[in-house]
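The structures come next, written out as structure tokens.
In what follows, chain A forms one complex with chain B and a second complex with chain C.
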Partner chain A sequence: MTDQAPSETQAPEGGGRRDPLSMLFQSGAWRIERRLIVRPWHEVIALIAALVAAVAIIAGLVLFIGKSPADSFAALYNGAFGTRASTLETLVQATPLILTGLAAAIAFRAGVWNIGGEGQFFAGVMGTWFVYDLWGGLPAPLLFLLMFIFAAIAGAAWASVASGLLVRYGTNEILTTVMLNFVILYILSYLLAGPWQSPDTFYYQTVRMADTTYLPRFFTGSRLHWGFAIALLAALVVYWLIRRTTLGYEIRGIGSNVVASRYKGIRVGTVTLATMAISGALAGIAGAGELLGLHHRVQLDIAEGIGFTGIIIALVARLHPLGVIVAAILFGALVNGSTAMQYETGIPKALVFVIEGTTLALVLIAAMVTRYRIRKAG
Partner chain B sequence: MTETILAVDRVTKRFPGVVANDAVSVDIRRGEIHCLLGENGAGKTTLADILYGVYRPDEGSVTFRGETLELHTPRDAIAAGIGMVHQHFELVPPMSVVENVVIGTSASQWLDLSEVRDRLNEFFHNYDVEIDPDAEVGRLSVGEQQWVEIFKTLYFGVEVLILDEPTAVLTPQGVQELFRILRRMRDEGLTIILITHKLKEVMELSDRVTVLRLGKVVGTVNTADVEMRDLAQMMVGREVLFQFDKERSHPGEAVLEVDGIHLASVTGRGSLKGLSLSVHAGEVVGLAGVSGNGQNALFDALVGVEQPSAGAIRIGGVDIAELSANRIGQLGMASVPADRIAQGLLMDFKVKENLVLGRHRSNPFSRAGVLNRSAIDGFAAESIEGFDIRTPSASQLTRTLSGGNLQKVIMARELSGEPRLLVAHQPTRGLDISASEYVRRRLLEERDRGAAVLLMSEDLDEIFQLSDRIAVIYDGRIVSETTPEQADLESLGLSMAGVDTVEAGSAA
Partner chain C sequence: MEDLFTSAVLVGIFWATLRIATPLLLAALGELVCESSGILNLSLEGTMTMGAFAGFYVANETGSILAGLVAAGIGGAFLSLIMALMTVTAKVNQVVAGLALNILGLGLAFFWYRSIYEAEGSIDIPTVETMQAPFEFFPIPWLTILAFVMVPVVWVFLYRTKYGLELRSVGHNPEACDMRGVGIISRQYVAVVFGGVMAGLAGSFLSLGSTGLFFPDIISGRGWIALAIVIFGNWRATWVLVGSLLFGFLEATQLALQASDVDLPYQLLLALPFVLTIVALVFNRSRSNVPLSLTIPYHRGER
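== the complex of A and B ==
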């Protein structure tokens, strides 16, 4: 409250700020107030509490359908990390999630709500196939390079449709990115029903790609491919970009206070466009990795909600690029372990969506709780 | 008149790390206007919140009309007869005045609104306030909203009314109106406790004043027995200079030339309508005016975030029409915005990061798009020392700093580049005496260094204290220009209100 001591909570006489939540609860015997300083161990404790609570709720659901929670969790865990093979498979599942998680995290850092990771993922898949279709005969290193570059460009371009509309006309990017997800899916449907369709099938899919375009795998007997290394590298690059570069500074700047950023000469439009291009490129690279590492042919169900899960992962990781890796592995484990759980206990795989949703809700609550505190008035 | 209505006896209130009130004792007499005076953080608001039931004292007691007061919530306080109007209004903008008055009364569903309306009309009529009880509160001016707040409190029949910094949001005329009515209310028997850090208001309005410093009572005095200087000394703990030893200015060439600019504001209020102005090197031009007359639009145009629709702005002879905010900064312009939190700082950033905001792209703070952390750290350490920014470290989150220190961060950032032109908009708003004094001294130092300084302020004392020339802005134009030596407060006030625009037109 004095000049010297930054107090832990908002000083009673401190300026014109008032937080809506605090205002709601400012009278009465109890009050909620915003903490000025959030201590790291508070965050860790809250996060652990959130995960414990999520487990408890899910255990309740499992009990409700008449199964044993202990057996189910054991099956889930074993399916995800029980053996070397299952652990590696968890990382396979985490690979695209790291990239789409990073895509969401960097956009959200700038305060740009890119909900179009799914569509940008498809754009990346299409960009990859486009290169393969056109220049499939090129030597492998050059072809890989071109495929990833085009995947990134395609994802960036698709994201830029939304950010261009946002910067030029102020169109709400949440709406446009969501709608563009559908648009690109219909474009892909058209292509897979016509120009790109494999001639020997009625399915909406392309021909299988040549073996030379398969991303190398790390170990025999596991599907873990180079895409995982690319994803880890991307996380480090994004971390470095956000913390150490002027662009990253400006991305965080417009996310923190767009008015002050503009007053101090940050070109908000340009930074928004750059951020969305990077975000879209990351989702596009995820698409290329999935196509070249696992699927080897373009199909309509190739994305499997990876773009949307990336949003949840970014939020659970509190938009921290390295946290995204951890959260993505956690969610990859859920996806991977749930198959084993269904197989062993008969609990439907769809429970994973409940787990994801519950975890997200509780982690967000935990984030809120660490930022506020409740005090007895007086 | 001398009967004590409210007695605070050795009240102590602690918050983590601070003692907000340290054995505070005050007695409030029935029917007086009693000021609680102190700098930000002196504990005034905490004391008021204790009287209003927001906080409970850790030690000590409060006696009201001879009985010990046990308050748990503000509702208890109102029931006991103590009401408070906060600095930030607690009104529901889309609802009418009448509805706002009855909202929160437990019987509101069954209350006869017409009866409330009648009482409101009677009250407003009684005090010559013209407000329609059925008007939507969101459409009322800030001053009118304050009346609604005050009446809301009086409607419950309180005997003691606490006002927290009521003049912060008012125009000079609004302040006079408020004071006139507060005096009448006092004469009719209401006891008024006024929280403020403005000495002039204390001198003008109060019967007695209690000065607080760092949570302790420095003393309670009869206002008639003291002078402003004495109160300032009690409040700050040392002598305060009201007059700076300002040397004569030696204006050089024109650095800023504003030539007939027009700029429509989004709301329609505060548009610029052909404003012309010039500021020379080595002088302070004070731009006086009631807020909402185009100051914000002018600031935006100068900084380069808005483009005038007509007219030209030149800085050092260069037309800035086509230039970005960034390029304008490179011409040597620095700016201190009116709202430091909303317009000047990234509150989620570290202090050191805010210190380079705007220059983060230039050498030595970054090279080839990569931030140079050692350069930033070095600069931050220098600024924190040079501007006496009180922060535990350069990596501290900006949002944890106090208002005065936030302003110092902005000043450090803007002044370190030795600007040719400094545009300061309300640079001391909301700051306490010490911090204001510091900011003002820095502005004068900039002038003496040879910078052109444009000071936009609603605080006429500040304008008189610092300016070499004074221009008055009204309705988007400069309506008169004078010097502090020639100006008298009355005619300045009139042209601020747009009254004698006939004589005006001699734009700077």
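== the complex of A and C ==
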């Protein structure tokens, strides 16, 4: 599923009859051709243009439903960064997004389309609860360690179902990871309706976990917990892994050219399995962090699209681990600010998805457009 | 268990199979045409949600199901036109573009729905009249009939018309087509937009054809299953029909099991279609008919 890497050489343009639509883009006087060198300022200008266009489109949409874009954006911004408390809450929202963003970024780097971040997040939540349920009486440091390890293992295992089928049978991993998202959600809903259900309620949820399993918080009055530090650490580790290790080299290798990598002696299957295991583990750790840092009980709505947003974050960050931190904080701000926006202006929070989709689409188009230029055909 | 095999239940399962297969078949046939031109449109889930909402909204406003269907088609076409702009013209990676448009489609539908029907805490969500069956002895809505009629239509189009042949050639070997003067861009636009219209109609079947309602997760994975059906069906219209019926049958049986007093947790039955999709993909691995240039953007004059 990897994008073919086109060569930079220019061959003479092929002739032939032109159809009306291609006339628009390749008319006689002007032609579109690939730039030989894309300069950083091209990319910066294109990125700014894309963001401006995204803001304009969203503003138009807000205007269309009869609200004031200026008020809405102000409410969004104030909700996200207006006060110290709201800024810290933005970081709380960004915490799991950093991890699921990294999960998507490392898999996409290898050209493996892991769309299963959401399911692997649930696997992590379930792994954490499993340990708590079984060995809840252990001393805190050991229990924390075990819970995070099991969350990582559970996430990795769930991702490995898809990568195992991919490597062994060539089954399309996009579809298997998506299907596995649904499967684990139903498994969890079965567990929450039966074996794991809290006895004192008919809601689909477990009992509240003991205070000793709460991740410590940095400041009083804010929900920002140690999960944020773990997420930042994970970003550094992934950065180091991709840039500085043999595995990272091989991941980038199979991501850019599978055939060449195979000739070079890289075991593509093994690297694919390792990448997906790491990817799933990161999403699983995100699940553990949310459970232990915020929710303290397993519920079906614990993920809230965190796995899917991670995919968008990875793509907006151009799959760069440190860029993921920045993008995750931006998207965390969107999620956080949109709550205030809905409260103050009545604009539905679902606008966040529209902003995410529009921004990503425009950023992608901008990134491609910078590689081309329009020239007068000589 | 016995009551599951009484004739009334079996007949019920038969009609339910056809109804459940309808959105899968419509979306998968559209995606088949789209992929035949070499463009993978992963945004079926989002496009179907758009269609489901647009159909519901317009049918509710105008009181006409037909107007709702037209709106659903336009909604699907709108999203797929963006898809075509991104992948055919801007040559963005098709997987990435599909993921972006999935979020956009879902987001737009949720956003409109919430801003129209759930603003200021109102929970007065309307239901619309659902499609009627045209004949009394034939208890399926006419969109289902259309879906089945589309199978031979798509087959004839792809295999027995000049345009269809050219479209498939574009999906296999765009260089050769360009050399022969077959316009690639227009054919890919047509195929992608056709896929979008079909996905929009497929989505509207769920809101207008069966429930008369819209809710945000109304599609709940059917777009992805339709994508799997195209692979399972080895990019052939007939096998896409078989795949859709198979999933329809399994889902109908699952529903009948839920209704009967069989002691199985219903969550596991709900997970069944997704597990079976994976199993089907693992066991059916013939790829003999896959468009060779699927997901590979064509750059004129570059190799």
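Throughout what follows, the second predicted complex is superposed on the first by the 348 of 378 C-alpha atoms of A that agree within 3 Å, B and C clash if a C-alpha of one lies under 4 Å from a C-alpha of the other, contacts with A are read in each partner's own complex, and residues count from 1 in each chain.
The rule is simple: a contact is a pair of C-beta atoms (placed from the backbone, for glycine too) under 8 Å apart; a residue touches a chain by one contact, two chains touch by 3 or more.
The structure displayed is predicted, hence computed values, not measured ones.
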- Which partner does A:Pro139 contact after superposing on A: first (chain B), second (chain C), both, neither? neither
- Could you look at A:Thr245 and tell me whether it touches chain B, chain C, both or neither (first, second, both, neither)? first
- Message: In this superposition, which partner touches a larger number of chain A residues, chain B or chain C?
- Response: C
- Please work out whether A:Pro195 is in contact with chain B alone, chain C alone, both, or neither, and reply first, second, both or neither. neither
- Message: Once chain A of both complexes is superposed, is A:Ser261 in touch with chain B (first), chain C (second), both, or neither?
- Response: first
- Is A:Pro40 contacted by the first partner chain B, the second partner chain C, both or neither? neither
- Query: After lining up the shared chain so the two structures overlap, which partner does A:Gly221 touch, if you call chain B first and chain C second: first, second, both or neither?
  - Reply: neither
- Task: Name the contact category of A:Gly253: first (chain B only), second (chain C only), both, or neither.
- Result: first
- Doubly contacted chain A residues - partners chain C and chain B: 1, 3-4, 6-7, 9, 11-18, 26
- So, in the complex, the side of chain A touching chain C is made of residues 1, 3-4, 6-7, 9-22, 25-26, 34, 61, 65, 113, 115, 165, 169-172, 174-176, 178-180, 182-183, 186-187, 189-190, 193-194, 308, 311-312, 315, 346-358, 360-361, 364-365, 367-369
- Query: Which bits of chain B are touching chain A when the two form their complex?
  - Reply: 15-18, 20, 40-41, 43-46, 49, 53-57, 72-75, 88, 214, 303-305, 324-329, 335, 337, 339, 341-349, 353, 357-358, 360-361, 366, 369-371, 373, 390-392, 396-397, 399-405, 430, 434-435
- Contacting residues of chain C [partner chain A, same complex]: 42, 82, 85-86, 89-93, 95-97, 99-108, 110-111, 113-115, 118-120, 175, 178-187, 189, 216, 220-221, 224, 227-228, 231, 265, 267-268, 270-271, 274-275, 277-278, 281-282, 285, 295-297, 299-303
- Query: Which residues, counting only chain A, touch chain B once they are in their complex?
  - Reply: 1-9, 11-18, 26-29, 36-37, 244-247, 249-250, 252-253, 255-257, 259-267, 377-378
